[in-house]
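Order of writing sets the chain letters: A, B, C, D, E and F. Residues in each chain are counted from 1.
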Amino acid sequence: MNAGDTAWVLASTALVLLMTPGLAFFYGGLVRKKNVLSVLMQCFFLICLISLQWVLFGYSLAFGPTRGGVIGGLDWAGLRGVGAAPFADYAGTIPHQLFMAFQMMFAIITPALMIGAFAERIRFSGFMVLMILWSTLIYDPLAHWVWGNGGWLKNLGTLDFAGGTVVPVKAGVAALVVAVLIGKREGIRSPRSPHNLPFCVLGAGLLWFGWFGFNAGSALAANGSAVGAFVTTNTAAAAAGLAWMVLDWWFNEIPTMLGVVTGLVAGLVAITPAAGFVSPLSAIAIGTGAGAICFYMVTKVKAALGYDDALDVFGVHGVGGVFGALATGLFAEKSIGGADGLFFGNPRQFLIQLLATGVTIVFTAAGTYILFNLVDLLVGIRVDVKEETMGLDLSQHHESGYTLVD
Amino acid sequence: MKYIIAIIRPHKLEDVKRELDIEEVHLMTVSEVVGCGRQKGVTRVYRGVKEVDNLMKKIKLEIAVNEAFVEKTIAAITRGARENETGDGKIFVIDLQECVRISSGERGGAAIG
Amino acid sequence: MKYIIAIIRPHKLEDVKRELDIEEVHLMTVSEVVGCGRQKGVTRVYRGVKEVDNLMKKIKLEIAVNEAFVEKTIAAITRGARENETGDGKIFVIDLQECVRISSGERGGAAIG
Amino acid sequence: MKYIIAIIRPHKLEDVKRELDIEEVHLMTVSEVVGCGRQKGVTRVYRGVKEVDNLMKKIKLEIAVNEAFVEKTIAAITRGARENETGDGKIFVIDLQECVRISSGERGGAAIG
Amino acid sequence: MNAGDTAWVLASTALVLLMTPGLAFFYGGLVRKKNVLSVLMQCFFLICLISLQWVLFGYSLAFGPTRGGVIGGLDWAGLRGVGAAPFADYAGTIPHQLFMAFQMMFAIITPALMIGAFAERIRFSGFMVLMILWSTLIYDPLAHWVWGNGGWLKNLGTLDFAGGTVVPVKAGVAALVVAVLIGKREGIRSPRSPHNLPFCVLGAGLLWFGWFGFNAGSALAANGSAVGAFVTTNTAAAAAGLAWMVLDWWFNEIPTMLGVVTGLVAGLVAITPAAGFVSPLSAIAIGTGAGAICFYMVTKVKAALGYDDALDVFGVHGVGGVFGALATGLFAEKSIGGADGLFFGNPRQFLIQLLATGVTIVFTAAGTYILFNLVDLLVGIRVDVKEETMGLDLSQHHESGYTLVD
Amino acid sequence: MNAGDTAWVLASTALVLLMTPGLAFFYGGLVRKKNVLSVLMQCFFLICLISLQWVLFGYSLAFGPTRGGVIGGLDWAGLRGVGAAPFADYAGTIPHQLFMAFQMMFAIITPALMIGAFAERIRFSGFMVLMILWSTLIYDPLAHWVWGNGGWLKNLGTLDFAGGTVVPVKAGVAALVVAVLIGKREGIRSPRSPHNLPFCVLGAGLLWFGWFGFNAGSALAANGSAVGAFVTTNTAAAAAGLAWMVLDWWFNEIPTMLGVVTGLVAGLVAITPAAGFVSPLSAIAIGTGAGAICFYMVTKVKAALGYDDALDVFGVHGVGGVFGALATGLFAEKSIGGADGLFFGNPRQFLIQLLATGVTIVFTAAGTYILFNLVDLLVGIRVDVKEETMGLDLSQHHESGYTLVD
């Protein structure tokens, strides 16, 4: 065990925990005043829920001794045997329990990312049931495939530095499915101004800060790989923020604050699978590409298709994630992370990335579709019109974000 | 000239504006208020303690119009704001003696629109 | 007695107050409103999508005055608020029947100032 | 019918509402305003620099009532809001010509309560 | 000296510093608009004040060479001799000055916790004097007894991983005493809606984040014990947040945002003394218990007794802290932290915990009672009615949190 | 390479990144509602811009192999050769790329500090061009002189622990120059109340938190020097916050929240160059001095001179920075940081500090003056009156911070 590595992964785990409150504010600032708490509540509920689920059985399902490459066994349920000693197959220099905790934070933020898609119209009880099922039946298996010891996608040689396939692609695709199935918000004809854009910016700042833990922490050590991931993360975010800004200027005469923070989040998403595998200059390319593609998705494609992905989870996380996963297969360099991508002479890697991403998309979409319908039948997922116009804060939580007169 | 004050449900603002536009009433002043009416209030919970709050969020419109527009305006607001339930709101009509457009100094009916 | 309601541009509040002070009109009530007028609205961009919002931020003044002060008040507001452009705002004058000073119970013209 | 506008101290809202309830006046519209009155303003300090701000936070009530309720309403507000000091606020009474209940279309005195 | 341990404790110290601004927002969001700055101000004043007091003499009183187990001598005043070399009796692998700085952050947040109890009605000058005296005459001696080398409670074998006795119990009890003595707020008949609940949630997020430093940092090393404390901390917070949510649902038909954040803070408080001594599954029990007991205190007992503990410092921190200190004596496991509790066959430990908690309560209550009356006599602790109705921001600080018209 | 050191500098780098969002809120809360986004936007734009500039060529200009002590060569452009191996001349125990990333965060926050001076009236396009030029032509060379291997001021023996000369002095002086040249805000006769003082306090909290990375991270290792810098940083901030509070009380009868946070930032600024060289007791002196001098500057001198430095960048950062740079020459102690100052018998050090500070002031002022006029000519730096009265959020970014009706 190495104290330096442990110190960095401890700090990283705390940083990734902070991302979910950051995300809560990033999303919370964008909705209307009457729904701000519902977004925060969903995020905090997920922190609490998954923290327990993971300790009780989630970690074991995702990372426990494999059952045929498909799912982990329950051998580690309740963290039995997951203690201070390192488990070398995952991380040889830090306590096994720390690896577990670090992964927990990923399991928390993935469903949290979806919240933006069905914001302002989901029933809290339906949300709860959906999330419990989704985390267990979709997230945990997929995590096992890509990251678990013996997982079949891992065995294929998929590159996914910090979970760009598992986390944003999955969240983005599931978000799209739910957004389409739950239907459009009532009476929203045009985008509504964010009720508190500074909150959104605060959230973006915390996300950027926390993402260093997400990506550089994924090296699971305080070493050159962590540093490399740190630098590519920062670089891609910056490039994507600027890319969005330039496109905003080009198409709308002026750069916007929301554009910059949206862009930078797209960049963070896209660099995630690639962080430890690519050079800083490739990170500029990936970031710029992510900014541009997500801009196009959100401004053009979404309008054309007409689904109501309230806060653009699919457009930013889904699309950015897919782009990043594929870009990893293009820009990876053996001298940096141990494997080459297409641009460095290894087309096979690109095909593997394509396959892994495809599998993720199909499995997530199908699973989410089934779960949604099941939960809708049993509990009901959408609030009724009265509750929606009144706002979810009052109707689902009997609270208001702010006082009007006090 | 009349000064019309309407209190409506917050989410009805767009509908009311659309109806007013149809009647060619484009000018108005809008603000957020809280209203205490016949409508049963909302339940609030604060750290496990429940209570009823009878101040509900509403939108207030103020519209100055010439006499000819009074009934049209009332009708348009009613169309846009109605859900046929307690809490839909009220319209108040007050006599307006003078109206001045600051930019031009125009007065009376000419200044109103 | 008259009840004067004025809608002005937000950044003109200080100028208007200064002009009113000169006319010895010191009492007023101020609030933030949004106004929909002849003034072309503002362009807003939300994640790359552009739209025009015709609700502009304005300041609303309410000033109760005795008859003798009505024209002075209108003139002072006009001086302070004018930029000679659409959007400068409006002044509305309503008849005021009674005015009560809560602290003393005084009524009418004596209570107004 | 009359349209009563009252400006009171913010922390007096609950007291005023209680007094109004006693008089069976339950309906009203409430908003936050800032008032500039005879009351000496508050001192503010900004990075070591002191200045006096004469805009004080107040609450504005708007209450439409039938003639029979006018004096009762004024009395109730006065009882609830009074601290016998400058800054207690003012009550303004305006003639109300028409009142419409949106949900039912009722008009006049019947719509007011 | 170990660089890895030093790295983690440096990071932890920064994290614990951040808890006080976090607390400021947690509390600040709950008060009325006109008092928000007074709460923030009190928190920041304490950060500044205790930072100096601790360097000048506080650390020496609390941790300096003992005078009969009762108080530290002034040998280390002005940090004389407290330098880069480790002081093995406290922490053998990090600079002594770092141990001092880490403890400083605890000395800051303890009085800050009390602020919620007397919020919206305390005179700032009285607050200042009270806090200076309280920190020096109550906090420092008690810290010495429990943590100081040779402190008499420490010698008895009290278990207190991260200060669950010293910090929340003390703050909670003192808060109750002050809340009762200062009297109820003017004209508050029913709970007032929080003026900005998102701020409160932001504060809770920062507290959770910072608490990793508080508890996992208390291992004073980047090792398995730190990791264990990290995991139990997260788990207990999650369990307590969910427990409160379920109770809210049960009694009030709906889960609330304020409920979840209140619950999770109760969980963080309760796990604090136990963090490095119990298993993650015991942490679930402790968290759930803390959530339930604090819910009961805040909703039922407080209403029955009728004191005005404005932001429930006693109900959440005091009660949660006492519960946690006792639970440590129940759930501790030798294989984890070196000592067994009642449930693992060692009833003596439970009795020690009971004694330590009892001593803390009695000493704190008596001392706070005396100091309050003294300061009230000399300076005056409560604002007059005018100042209170005007709001403390304007009356005590000549400022407002927000502009009304700008 | 040392994992512990790497862990701490990784964490520090993330902390320093967070300072710029912190600064955004510190400034953003102070402006009027209609300009809040413009301030946030400028801060985030700089994070993105400098992140790329630094990777592409900025780092190489500032730290690359020297060309005569005046500027670094482009040998390291695009981070060529800046990899996982340590570069011993800068930091022997952490990856070279990590040193680069840590320095990047300094390059970001320096121009960001200036934003407060010309807030509420700068054209965004002019701002962009000015910042690109300023960073490249003023920041990078000066960084080279003071910190670069072979830089001429470094060779002279200037003490500057964490960039107190390069960062705040430079930013403060440049801010003053721009504030004077751009002219006063329209219709601002007296200070405007901050539109959201809690945001300002939040920003101050994040700044304090992040500054631990800035100063203690500058040790570039997790060692006694880092710990010493950590403690002096905290102590000076506290002393300065209290100093301002006392002066506020003295001159204005009451302590203010804005005063405390302004003071503590002044303290953080002043201790920066001295952090690793002075004792905690000297830090109290430096902090107190900084609080007092900045108070005097902001309340008296600024009013007397009549320039409109909107958020007192010069008064707090410029003056605090100069004071700190000189105080380093007074209070430095060989036993702590390897060099003595005037008070410890080495007047030469004070003269060197004087020279370095003087050079910084002259070079920055002259350079900023030229760049301002150039950019004003080419792009235009000030918005027109219409745009200014409408607010920069709407006029420069087509957005509003908050909804009025939603």
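Keep this in mind: a residue touches a chain if its C-beta (ideal position, glycine included) is under 8 Å from a C-beta of that chain, and two chains touch if they have at least 3 such contacts.
Predicted model, so just to flag it, every value in this text is computed and none were measured.
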{"item": "Interface composition of copies chain A and chain F: same or different, split at half", "value": "different"}
{"item": "Contact-richer chain pair (by C-beta pairs counted) among D-F and C-E", "value": "D-F"}
{"item": "Averaged-CA centre spacing for the pair chain E and chain D, given as whole angstrom", "value": "43"}
{"item": "Centre distance in Å when chain B and chain E are each reduced to the mean of their C-alpha atoms", "value": "49"}
{"item": "Interchain centroid distance [CA atoms averaged], chain A/chain E, Å", "value": "33"}
{"item": "Where chain C touches two or more other chains, by residue", "value": "10, 30-32, 34, 44-46, 50, 55, 94-95"}
{"item": "Chain F, residues touching no fewer than two other chains", "value": "2-5, 7-8, 11, 34, 192-194, 196, 202, 222, 252, 254, 256, 258, 397-400, 404-406"}
{"item": "Chain contact graph, described as a line, ring, star, complete graph or other shape", "value": "complete"}
{"item": "Contact footprint of chain F on chain B as seen in their complex", "value": "10, 13, 30-32, 59"}
{"item": "Contact footprint of chain A on chain F as seen in their complex", "value": "1-8, 10-11, 13-14, 17-18, 21-22, 24-25, 28, 36-37, 40-41, 44-45, 47-49, 51-52, 55, 78-79, 83-85, 94-95, 97-98, 100-101, 104, 124, 196, 199, 202, 222, 396-403, 406"}
{"item": "Chain B-facing residues of chain E, complex", "value": "190-194, 247-248, 251-252, 254, 256, 258-259, 262, 295, 298-299, 303, 312"}
{"item": "Chain D to chain B touching residues, read off their complex", "value": "3, 17, 26-31, 62, 64, 94-103, 105, 111"}
{"item": "Touching residues (chain side chain D, partner chain E) in the complex", "value": "9-11, 14-15, 32, 34, 42-46, 50, 55, 57"}
